[in-house]
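Order of writing sets the chain letters: A, B and C. Residues in each chain are counted from 1.
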């Protein structure tokens, strides 16, 4: 087999088109920006005879050009993907081969988008997302990586080679290199080349997504539980409780994140009881949260409340105990058959420290929202009918703070992804052979000036996921502000 | 006002004490100390030898005691060791014990000795901080005006083409952490990969002689990440101000657009970003460590990385204290600045 | 800058149509609107919220925002077409020839700019004056708007002034270049009644002094009567009737105008003998307007096949009157003088036993003198001072006062959200003043409930209407099963005359009046015996106000509820209350039956309050009392009598007693008490404020 070029036969036609579209877009956007300082914006003008006239068309013309160029760029990119996926293997170069590899993801994405757009008027805020181009692009990027992670992690699809197998002779080889005969893999090429240990970069990137997509949202969710459980009472009651909690939050916020990681995520600490203790403290918050949530709602009807609480808390407590009980450590109190899972202590410490640094920010947001919402009349109405404080906080205030919290949740997953990458970049926490993007960038950067290609794919993957989350958050914010 | 600053100072000192205590505790955990004993003594030390090594050098005292001595509010230890030698915390090399001062903590400007660099911590910190100061100066020069201009231009006319283009740029830049942009920049502009090898991929030379070629990439890498964030804040603040009633009042008074932006909107719109810029410092330290490691620029961040990875306790402590101090001072400036910029709070 | 050579109409709006464009559709906000304002004339634009009156003003200013657009018609200012005007010309006119005054004075002043600078900017732009000349002009105008210490005010920032002062500054800013047209968009809505009266007075005087024409936008017919020469009534984007004040008020020719007048509580209306007549139905949403006449579905004179034909309805001139026009197809057939079909008259119920008794209730707060910088001195705010009264079963007691009078604090203490500092609250002879709400038993809580002011805030936006009522039932332990509670919830919806289908709606799908009804249903979920209604209708449109008020009265009659009606609106208070309590800065200054309070002798504050309330009736003459200055802050109350700083009668009391001592409570007649130093003779000499001309 021959080594693959980047775009193969596809490139002869699409590459120039892509180049022209991008240049048009940049030029037109730039001109438009310059014009907007001098020219007045477009304005519709009605005349006495009932006709409409557009004024200030010069700037408007460039606005339309920009729009058209943007669509052209999107179309060409879709062309690369669609045509590449349909052309026979190798014909459309590396890009085509990758697109083929991602075929199941494209199908899932298409199905999801078609269904969502078809029913968008019945889907609330999620449906409104499909009114915003920015939101759709962001959502598409995020779901691309989510599907990739699920397919690669749970079904072992997509990846072409084992992410840990080293193939001699492929060390630091450039993208599209042919693998020697007899190598175990689904295709005969290292699509994105080999890294300094001669492993397939493409497969490592795919498997890396599983780690990121598994940890980042979960860690963010826990941070939200902690932040909400503490932020609501702080904002609602105010006073001394607020002062103390806010001081603690500011304490953590004043701690440079990187320093905290260097101090917390060290082999010595991983082996000490500190991560387990922190996990015990941080992971208890979901239990408290749900217990209070359900109790405040159903306390007037004990016959209903008690069974619900027993079931929910039972399941949560089991998960909690399984989570903190670690075999071979001082807290291995659960018998093995009862312990659902054990978590690698390196991952646990990463998880715990990410939750730890994110919680205070969530706390501050929730506190601010609670402070604002507690002055509403419906809160006063709840109080005057004798509702408990927690009912007011969790059922009257929290649901009405959901808009900003959902937006921040998306942003924060992105931020957590960046933090995980930072940890990997410094080789902290996760094992060095781990394919997660941060660690891969760290491996790649050491020889960056000589071989640039191993560090780029994980870097761009991480960038696209975080960008997707940011765009999604932006789309959500915009749509939730409308009407 | 004076009372306000005093209160803020009090809170700040309390915060600093809490944070340094946490750092002190984390660095002085038993496994860290054992590792220290082994690296300083020898790697095949027996457990007893490690214990006596640590006891003789005061490491086995209680945590508050050690913290007090390190701060300089408790007298330094004087211990007659199990090996017969008497050691004191404040005893300099070959100095008789009687002549040593009683207190020697950071309050006495005694920062200790770095085991990695074999040098006084205070000299290391001073030197490295100066280098990072140079880097940060240029980062600020690029980041702050850039971010404010982008934010104001974008927020001036919400929803216009300019706004959309600039907002996209700032979203992309906030989504690009330093280790991604750094890697991409180096790959693009410092290697022959794309035929655009305009800059140097390492900034080691910039420590003595910084110029555009060797300093641009590290500066822009740090600046870019923060720039997007500040620009978005500025834009949000600006759009909010531009839809305010008083801007309509000004418009319907016949004030032209330029004057509205410059005289009526700008001051109100810059209050929020000012706070944000100041609160960026804890995050900027992230960038500094990443970029200095990536570009091999031996400044403060690089030192932090070295101290942490080599278990250099005294150096790590000193670096932590300095960074916590920087963060707290910027917070103080942010608080005071906010009050000064905002007449609604200043005069009431 | 008044152009003296031009003597035609100042503003001519002809068949103006304005639309807003959203993602989904075009929403017409103003349709076929015409108006003319002659020099020196004041035109009042009246209508309910959402009728497009503010849009007209912004259209005249050519400032409709990104989504708004003029889609037809013309606007001529002094004969010059504004729709095609260049940006520069528009800028010249704005601020110098046409000036605008807005609803919220605080928001319309730049918080980071000194007042003087903001004022001086106007002549500097339009007349090219130097800064010092402009400041001199500013000083002059600020003196004109009767602000104390103008030099100091020019040097201060907006937040250092009170709401009334800020509004005067906005007025001053509008007058800086002596414009020929002044547009006032609800200029007094955010202000207290007594402050409003003073601002209206000022606008009227200055309009005369500067010879300015005015476009006065308001929802308050009384205010328009006091300020304008001509009136234009708008409904759902259209002008429905216009003419001179006298013609429209006394010879109205449109069913909507008539219905509007019948739904506002004028003197003479009475909840038992002459109840208000609410306009049936709801205000149509802009994209759900009916075919034919917009008012058709709610009109008493609706004729099928005529009023709902899909044909444009024009403005028809009413002969014999000066420029009086109406947009009604049947106006000539309708007998406008037919007597009002008086609704069901009811006998005045006898008040029952005393259920609630306040005895010397006091509520003091301690607040830090300086919120931001903390610490410092603690100040005591006396929110309620020696409050004593009784309320009987089935009685309506109105609590009247302006902002800061302590009426909300009183409600909080009664509800148990705060505990009293001193004194007693007896509910069925049981003291509850020290029991916070968490410790009250369910019965007590269910007995005392509250209806809130802001309809947009009173319901939790993320819970269905039914769920919110059921929650109240759960808490009050009504019903034994979910099914029982659901049934009870549906009955409550019936009680407040809402369709049962509303149970599954979200609050955002309801109009303001409907939300307020749900709020009432929720308050009565536990069969409340005492209901505190905190300005329950003040945020609603007039036509809806009547419906909600009548509903409240009806439920009260059936349930023999004691209603504590908190309000600042004396018209509605006179209409529905049995007894009235007037509060000022935490003190009860007057307490008595409605007849006693609304007839002399008054407390001087009550007298001023009565005079300040605008009344939309041309046959009424009012004594003119304008209070000086603003309401003092409760943080820093005046010495002696709380009202002495603004009292017009202060000079009648010898020895400056008013400044030294809080007046004692004096019983004037059975059940009528005032807190005043005035001598019996002075009190007896007081004349009635409101007089109805002989009919």
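In this text, contacts are C-beta pairs under 8 Å (C-beta built on N, C-alpha and C of every residue); 3 or more make two chains touch, one makes a residue touch a chain.
Since we're looking at a predicted model, the values are computed, not measured.
Asks: Can you tell me, using the touch rule above, whether these chains form a line, ring, star, complete graph or other shape?
Replies: Drawn as a graph, the chains make a fully connected set, so complete.
Asks: Going by average Cα coordinates, which chain is farthest removed from chain A?
Replies: Chain C.
Asks: Please tell me the distance, in whole Å, between the geometric centres of chain A and chain B computed from their C-alpha atoms.
Replies: One centre to the other, that is 26 Å.
Asks: From the mean C-alpha coordinate of chain A to that of chain C, what's the distance rounded to whole Å?
Replies: Measuring from centre to centre gives 49 Å for this pair.
Asks: Centroid from C-alpha atoms only, then distance chain B to chain C, rounded to Å. What do you get?
Replies: Roughly 55 Å, centre to centre.
Asks: Considering only the defined contacts, which chain A positions touch chain C in the complex?
Replies: Counting only chain A, the residues touching chain C are 40, 44-48, 50, 52, 131, 300-301, 376-378, 380-388, 395-396, 399-400, 402, 482-483.
Asks: In the complex formed with chain B, which residues of chain C make contact?
Replies: Those residues of chain C that touch chain B are 61, 63, 66, 91-96, 99-100, 102, 104, 107-113, 121-122, 125-126, 157, 159-160, 170, 173, 370, 372-376.
Asks: Using the touch rule from the top, collect the residues of chain C that touch chain A in their complex.
Replies: 14, 22-23, 69-74, 81, 83-84, 87, 415-417, 437-438, 440, 442, 445-446, 449-450, 452-454, 457-463, 472, 474-477, 519, 522, 525-526
Asks: For the complex, give me every residue of chain A touching chain B.
Replies: Within the complex, chain A touches chain B at residues 29, 32-33, 36, 41, 59, 62-63, 66, 247, 250-251, 253-259, 262-264, 266, 268-269, 271-272, 274, 414, 418, 421-422, 425-426, 438, 441, 444-445, 448-450, 452-453, 455-456, 459-460, 462-463, 466-467, 469-471, 474.
Asks: If we count contacts the way the header does, which residues on chain B are in touch with chain A in the complex?
Replies: Counting only chain B, the residues touching chain A are 11, 14-15, 18-19, 22-23, 26-27, 29, 31-32, 35, 153, 157, 160-162, 165-167, 171-172, 174-177, 179-180, 182-184, 186-187, 190-191, 193, 201-202, 282-283, 285-286, 289-290, 293-294, 304-305, 308, 316, 319-320, 323-324, 327-328, 331.
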